[in-house]
Amino acid sequence: MMDGTAYTQSLERMNSVVFIYGKRVESFWLHPVMKPAFNCLKETYNLACDPAHNPALHELIVAQSPLTGGPISRFLHVIQSREDLLARMKMQRSLMRHTGGCFGGRCVAGAVINALWSVTYDVDRENAGKTDYHKRFQAFLKTAQQRDLTVMGNITDAKGDRSLPPHRQADPDLFVRIVERRPDGIVINGAKLQQSGAPLAHECLVVPTTALGPDDEPYAVAFAVPGDTAGVVHVNDSACANAKFMVMKPDDIGNTTFGMHQSAHVLFDHVFIPKERVFLCGEWKATRDMVHRFSDFQRFASASCRCGYIDLCIGAGLAIADFNGVAQVGHIREKLTDMSIDAETLYGLVAGSAALAGPTASGVVLPETLSVNAAKIYMNDAILKAGQRLAEIGGGILVTRPSSCDLEIPGVGDLLRKYHQGRKGVSVEDRLKMARLCESLSGLAALTPILSVIAAGPPATQRLNFRLMTDFDRDRKAAERLAGIVTPAPK
Amino acid sequence: MMDGTAYTQSLERMNSVVFIYGKRVESFWLHPVMKPAFNCLKETYNLACDPAHNPALHELIVAQSPLTGGPISRFLHVIQSREDLLARMKMQRSLMRHTGGCFGGRCVAGAVINALWSVTYDVDRENAGKTDYHKRFQAFLKTAQQRDLTVMGNITDAKGDRSLPPHRQADPDLFVRIVERRPDGIVINGAKLQQSGAPLAHECLVVPTTALGPDDEPYAVAFAVPGDTAGVVHVNDSACANAKFMVMKPDDIGNTTFGMHQSAHVLFDHVFIPKERVFLCGEWKATRDMVHRFSDFQRFASASCRCGYIDLCIGAGLAIADFNGVAQVGHIREKLTDMSIDAETLYGLVAGSAALAGPTASGVVLPETLSVNAAKIYMNDAILKAGQRLAEIGGGILVTRPSSCDLEIPGVGDLLRKYHQGRKGVSVEDRLKMARLCESLSGLAALTPILSVIAAGPPATQRLNFRLMTDFDRDRKAAERLAGIVTPAPK
Amino acid sequence: MMDGTAYTQSLERMNSVVFIYGKRVESFWLHPVMKPAFNCLKETYNLACDPAHNPALHELIVAQSPLTGGPISRFLHVIQSREDLLARMKMQRSLMRHTGGCFGGRCVAGAVINALWSVTYDVDRENAGKTDYHKRFQAFLKTAQQRDLTVMGNITDAKGDRSLPPHRQADPDLFVRIVERRPDGIVINGAKLQQSGAPLAHECLVVPTTALGPDDEPYAVAFAVPGDTAGVVHVNDSACANAKFMVMKPDDIGNTTFGMHQSAHVLFDHVFIPKERVFLCGEWKATRDMVHRFSDFQRFASASCRCGYIDLCIGAGLAIADFNGVAQVGHIREKLTDMSIDAETLYGLVAGSAALAGPTASGVVLPETLSVNAAKIYMNDAILKAGQRLAEIGGGILVTRPSSCDLEIPGVGDLLRKYHQGRKGVSVEDRLKMARLCESLSGLAALTPILSVIAAGPPATQRLNFRLMTDFDRDRKAAERLAGIVTPAPK
Amino acid sequence: MMDGTAYTQSLERMNSVVFIYGKRVESFWLHPVMKPAFNCLKETYNLACDPAHNPALHELIVAQSPLTGGPISRFLHVIQSREDLLARMKMQRSLMRHTGGCFGGRCVAGAVINALWSVTYDVDRENAGKTDYHKRFQAFLKTAQQRDLTVMGNITDAKGDRSLPPHRQADPDLFVRIVERRPDGIVINGAKLQQSGAPLAHECLVVPTTALGPDDEPYAVAFAVPGDTAGVVHVNDSACANAKFMVMKPDDIGNTTFGMHQSAHVLFDHVFIPKERVFLCGEWKATRDMVHRFSDFQRFASASCRCGYIDLCIGAGLAIADFNGVAQVGHIREKLTDMSIDAETLYGLVAGSAALAGPTASGVVLPETLSVNAAKIYMNDAILKAGQRLAEIGGGILVTRPSSCDLEIPGVGDLLRKYHQGRKGVSVEDRLKMARLCESLSGLAALTPILSVIAAGPPATQRLNFRLMTDFDRDRKAAERLAGIVTPAPK
């Protein structure tokens, strides 16, 4: 298995074409907007190789492969039991709590690997041996496990008009498709958009994004392709959040090392895929299972991961509240408790989808569909609420703090420091660092949402007004009269 | 009344000390992170002077002052009736829908002006004529109205340990206080943090941030001070969202002109305030009313404004859904309806606080407390939900779109354009612009929240799974049996 | 104006045909399931006639009529200003807080009177004087005001297959319709179902339940008919909640005097309506306005009323918590505060719909549509949540208390009393009475909901487990590490 | 194992003292308010004995006991693995979907049995063999399994002032306690209130209701006592919902056979408990584990059961919507989907608490605490919302339908039938039956909640108003202008 250094060297050996904000970047993994995602992946390599780095995570991140007979990264593991599912769940939560970052480049692979493993098995069986997709895929996966590769699951197509199926789009390439079939392989056109961590992967494992009908046969294609193959181009996304990594100093960004999710558009321009790397080729009927299986698995993985994210929000909320001297205030304790309820509800639900899981024909065990879909729905709100609660706990300082440069302005820096003290014993710098982490974790950008929460007093202030100003006595008297109570009890 | 040009010239004539990200900036209003807020204020001057610019808004933004006998900016108006409150409410919503930006520098003034007008009146009456704060304040306000100034309400103190009152803080300056009383005025220390639009104002109108007790007497101080007075320093906040305006091209930012909220720390270092500009000076008992009144008014103003914000989210959501070809999909229509319900619930609640309003002794009419506090609580969730819904409607493109620079990469730009088509008839550039606006309005930063909503399919996909996979027939049969239905009706 | 005795006598003089649970009942208003509703209406007569009974409510319940020039019941008042709307709103809340019961028989009239007043005005104007519906209606209303009648608004038709319009139903009578037009009047068939308080009214004021198209012309009919006219039959509903009034002793029912809502089916079997009592006769185009106006007004009235209902829930919750010795417990105070926020949000929203109201052509002022619809939506949840919160506060005793008969079992009654003590100083009987009122107000029947809330400990217990068992320290350490904090602050 | 007839005979052989609404009742299980609960328990006996009655449930309800070596009721099973937990979960959901009723008398036993099994094991071990509680309990349980008894877990004490511990209450008996210790056993005073199904059980298994301190030593007592022992008195609760079973005809009650939850107060007046039936006797330290373990298990069982309850609500909602002709309407489909999401979220969460479960020292496997507590919190809302949604789907007919007696009134019954038709092909009687079941399942009593939901139109009507009346175009134009779109796309 590779360690972080070996992983870095493996990227150096590749010739991937990567554009960031309009420019081709050679050592793209060092570019500020991609480095945090790179650090996350590198960390997975270090954790797997060095038990001392974090023993508990090391345990979780290494699995035993029946394919290679040796230890492999759990990211590349074929799920063979409910215990495997639970181990994956635990790894995802712990990893997220460890870095607060995204492992997109490795994480999605689990969804595609397990779905392809089972679907190619089914297809070959249905074809009564006339196809050998499963064998091809086994071979590919075994090599990936042996070489400890980062395999990226490529899913989301361009889609064009969302109300139309692939074959009715204005441009036939709006979903990835076979443009030519040759004896030795196929030629591919299309794009996979918003692929988390794509340029950081050695291999792209491409599958259809949606269940297809008979008219969409050329779109029913699955294959693996190295990220630096001729005709493959990566263009990094341009989310506004990227900007902070491009212009701000590390001290002014929360979770500088790991805290930047990165995604890229992967464009395929007449890319040749040799036969042995093609795992579906026109079997449109199989796409329904394919899509359901990888979707469910990805819901499983991401819901697990977000439990760790809420853990971090709890920790950051508690810390900033303590730094402000209000860790014991009732409504803050309630918010921390609410976050914990959300984290454990989500976690329990994911565990439940493992407990209710059943095996596919191939032996792959996939999470039970309804509970894992319920988990995804729950997660959606829970993450947003965690961000909102963090903002309510932390207050305006999340977005209004001075920068590290401001602290160095002669004459002014000292005043800023003076006025950004929290409770006694807390260093101003630590308080500002935690505020930055809170901003980052909250997922809220500066403008309206945090201001809406905080300005004119946080909601706790307005609630207090209700407690103080409601005419409780009037209401109680009315109730006592209607209940037929003649002499009210002394209070 | 000033127009936009006159307003700009008035800023040029000032000598305000403003630092942005560690550097003193002279023409600070042109700095990328401050220009949008400046544009918002400038727009209020243009709207007031030029009826043709936007007739409906012009009507709303100009009020008649009993103090000057002429037309003034409604931002500086003393509220004398429920109709005045309703007019202010309408102006706030329309202005926000017009710009999607923040008028912090002018808007908060309404809260402080109306609170001070009524509280100084009460204090003078209680002091049986021994003080003349109200007369002083009338004189100040009349001049501000006549000169059409931007008056900033300065409220939020540094606060230090939030569990301690001002006089028990480790540093006595953590709340703004009188450090010296002279025959001709007072000397002030302290800081007002996170002041929206502060450097763009001509005058700072400073009031206490909290209700004070007898031991906090030196903190019971209210006064007006020009923003460029000696000893006053402005330091811009360093919210991560600032970064996009510092590094990205206008085409890559949603609502480039107006869409950046700006706040600053205002530091007072031994600032002298002449007597006639002091409006409270030790009257700690009055601070309770002061705080309640400006808080309620600011809740009123901001809740009104957020209705316009949700209007914009509705419009942007509808547009991006249409560009994607899914404007008629059920769950999207429901989300747009939900946003409209939130907007009108909030608006109705603000109108209700006006309908239930009563006059203070001074004649100032303030919104009814409980309903306006309820509005603020409602707004808190409504804004966050609007952002979440917008992300669910728009999808991943909000954060994963290519930048304008990417579109110009030879050979690649055309591919990006090809793969970012939406429905027929929509230009790719317009689709990307609307995605940017959606990102900006959603208030969500890239990383986890939008990804949590979108990855592995938006929640609507998971709901669909429930509709398709729930065993409705099993449940119906169980119910029919228990109801005692022997021969179920034909379906 | 009539007092309660005169109202009772007026019912005695009528010959209404009323069936309750299968039997014709002569003095139906004394039947246990109808008496509480009768008591509510009687109370409105007493409040209007006797200022000393409840001065504040007396003020609210009497209005000045421009039609009669004298004092009338506000229930019969034509709304001529926003102030009239606000007065109605206040009356509804106060009346509900006064009785906790339903004034269905009188309350709905406001919706129909104001809608008909304005719609007949519009129709006559459009018909350029060829119809005189408005004059007819004025005459009817003037008499009703002078005689201080209870006028019931009859709205909800039988409807049959809800997916079909009236003229396509299997039976033409499933919506009230004109079966014959004579020179002196019309003959009517149909039914109005679930009419609150219908048998207790002197007059039925019948209008269409839905906006009609041209093919539904015979269904576009509005008229007034005395409740004891030949061919009119009332059949009381058979809600399971009726049973408690039929079998239990008064002491075992919460709010025995007023707390039973009653509704009836009103069947019209070839009923003749003389011309001067017909207010619409085929004008299908007018039904859209008709329906919108009475719906909005009824939403206005019922949302106002429910504020008083939540007031009672607050009072009852506070009382039972105090009787149990837990009035100061944090989560109970929060629940009471939540209820107050709901009450004031609802009230503010209703007031807002008055503030934003505009006049119709006839001068009638109706609540603004969107805000009053938002109020109804808000009310829906708020009432259910108030019931849930009341159950959480009060606990199992709401449904598991012993009955008054049990307390009299020799040897056992004393044990029951012993084991149903609450805090010191509270009489067991009062505690049980308040529990009964809480059950009644909660609106929850015994079985699953209250049990779901309470069994295995109320939710507050489970939350406590989270507070005690969450590994907050683990999460905080993770956050401090990611924020870059090297030496955590002492705690 | 007993069948239903044998169970009935076993009750006949007992001499239990049971009062219902003030009167001693001999064959209490036939009393209308107790018969449904009796039917539920009887059904469990029939299901266990007769595989043909319901094969799937038969499979679930029978477990293999390591204690007896033979088949036993799963209600009496000691949980030895995660699979046992999952089997119990499945049984609870299926049983509830089968009857819609409560198995209180048997169900709670699982919580107490598993808690006592493990706690007595721990206590004996800590006492180093000086106590033999575990052996005693084993003996008791083995007999109960062999004789297939209904064992009731008795938990909830009278509690008095909830802010005081047992030993500080005004009356020492407010928690069950040892009043005398004899060589051959102990004498007990106290009461267990609101015990579901208590009189229908053969044995009461009594444990403390709360974690106790050293001063509460006499309250740390656990024991088993036959329900007809001298000094044990049962008094049935007097929930208002009882009344419908006392006065209404079966056809007018939803789920007549099973649908009435019953609870009773169990009073212990100097009851002697022989030594071998005493399982804790002063070990106050053990009460903490005891309470946690049975609480968690009961949360597990009841949350599982409520999934089946929501299943029934889905089925009933679908049926009544279909009978009304609106099964395909969008908002109704959404509500059914929402209920399914809630059911599967709850189920997944319970399954997760099994997946995360670990063994106690005794080998008993208990659900993981945080996830099962989260399940209970989730269930609380889900059940209330299911009731609310059912009311929104079904409408007013839930509470306003005519009774079976009304349908027989000469001349009137036919009219009622005519006006209660639904869609073509549905019998009026079936429609009324399903409405009754919906009322019963909704858990809502007639008065305010259902009326609040339905009157003035269900919420879907108000939402429709928003969809029709929101100025979407205004909002879209504002968004397009701010996004910088010059020529909007054709629509």
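Note that the chains take the letters A, B, C and D in the order they are written out, and that residue 1 is the start of every chain.
In the analysis below, a residue touches a chain if its C-beta (ideal position, glycine included) is under 8 Å from a C-beta of that chain, and two chains touch if they have at least 3 such contacts.
Computed from a prediction, not measured in an experiment: that's the story for all the values here.
Novice: So which chains are sitting against chain A and chain D at once?
Specialist: Neighbours common to chain A and chain D are B, C.
Novice: Looking only at C-beta pairs that count as contacts, which pair of chains has more of them, C-D or A-C?
Specialist: Result: the pair with more contacts is C-D.
Novice: Please name the chain that ends up farthest from chain A once chain centres are defined by their CA atoms averaged.
Specialist: Ranked by distance of C-alpha centres from chain A, the top chain is C.
Novice: Provide the C-alpha centroid distance between chain C and chain D, rounded to the nearest whole angstrom.
Specialist: 32
Novice: Give, as an integer number of Å, the spacing between the C-alpha centres of chain C and chain A.
Specialist: Going by mean C-alpha positions, chain A sits 49 Å from chain C.
Novice: Give the residues of chain B touching no fewer than two other chains, as numbers and ranges.
Specialist: Counting only residues that touch two or more other chains, chain B contributes 254, 259, 340-341, 344, 370, 373-374, 377, 436, 441, 463, 466, 470.
Novice: Touch graph across the chains, line, ring, star, complete or other?
Specialist: complete
Novice: Applying the document's contact rule, which stretches of chain C touch chain B when the two form their complex?
Specialist: Listed in rising order, the residues are 82, 86, 340-341, 344-345, 347-356, 368, 370-375, 377-378.
Novice: Would you mind writing out the residues of chain D in touch with chain B in their complex?
Specialist: 97-100, 251, 254-259, 311-312, 314-316, 318-319, 322-323, 330, 333-334, 336-337, 340-341, 344, 425-427, 430, 433-434, 436-437, 441, 463, 466-467, 470, 472, 474-480, 482-485, 488-491
Novice: Quick one: which bits of chain B touch chain A in the complex? Just the residue numbers, please.
Specialist: Where chain B meets chain A, its residues are 19, 21-24, 102, 156, 158, 160-164, 170-171, 173-174, 190-191, 193-194, 196, 233, 235, 237-244, 246-248, 252-254, 259-261, 263, 265, 267, 269, 295, 298-299, 302, 306, 309, 324-326, 329, 369-370, 373-374, 376-377, 379-380, 383-384, 387-388, 396-397, 399-406, 408-409, 412, 415-416, 418-424, 436, 439-441, 443-453, 455-457, 459, 461-463, 465-466, 469-470.
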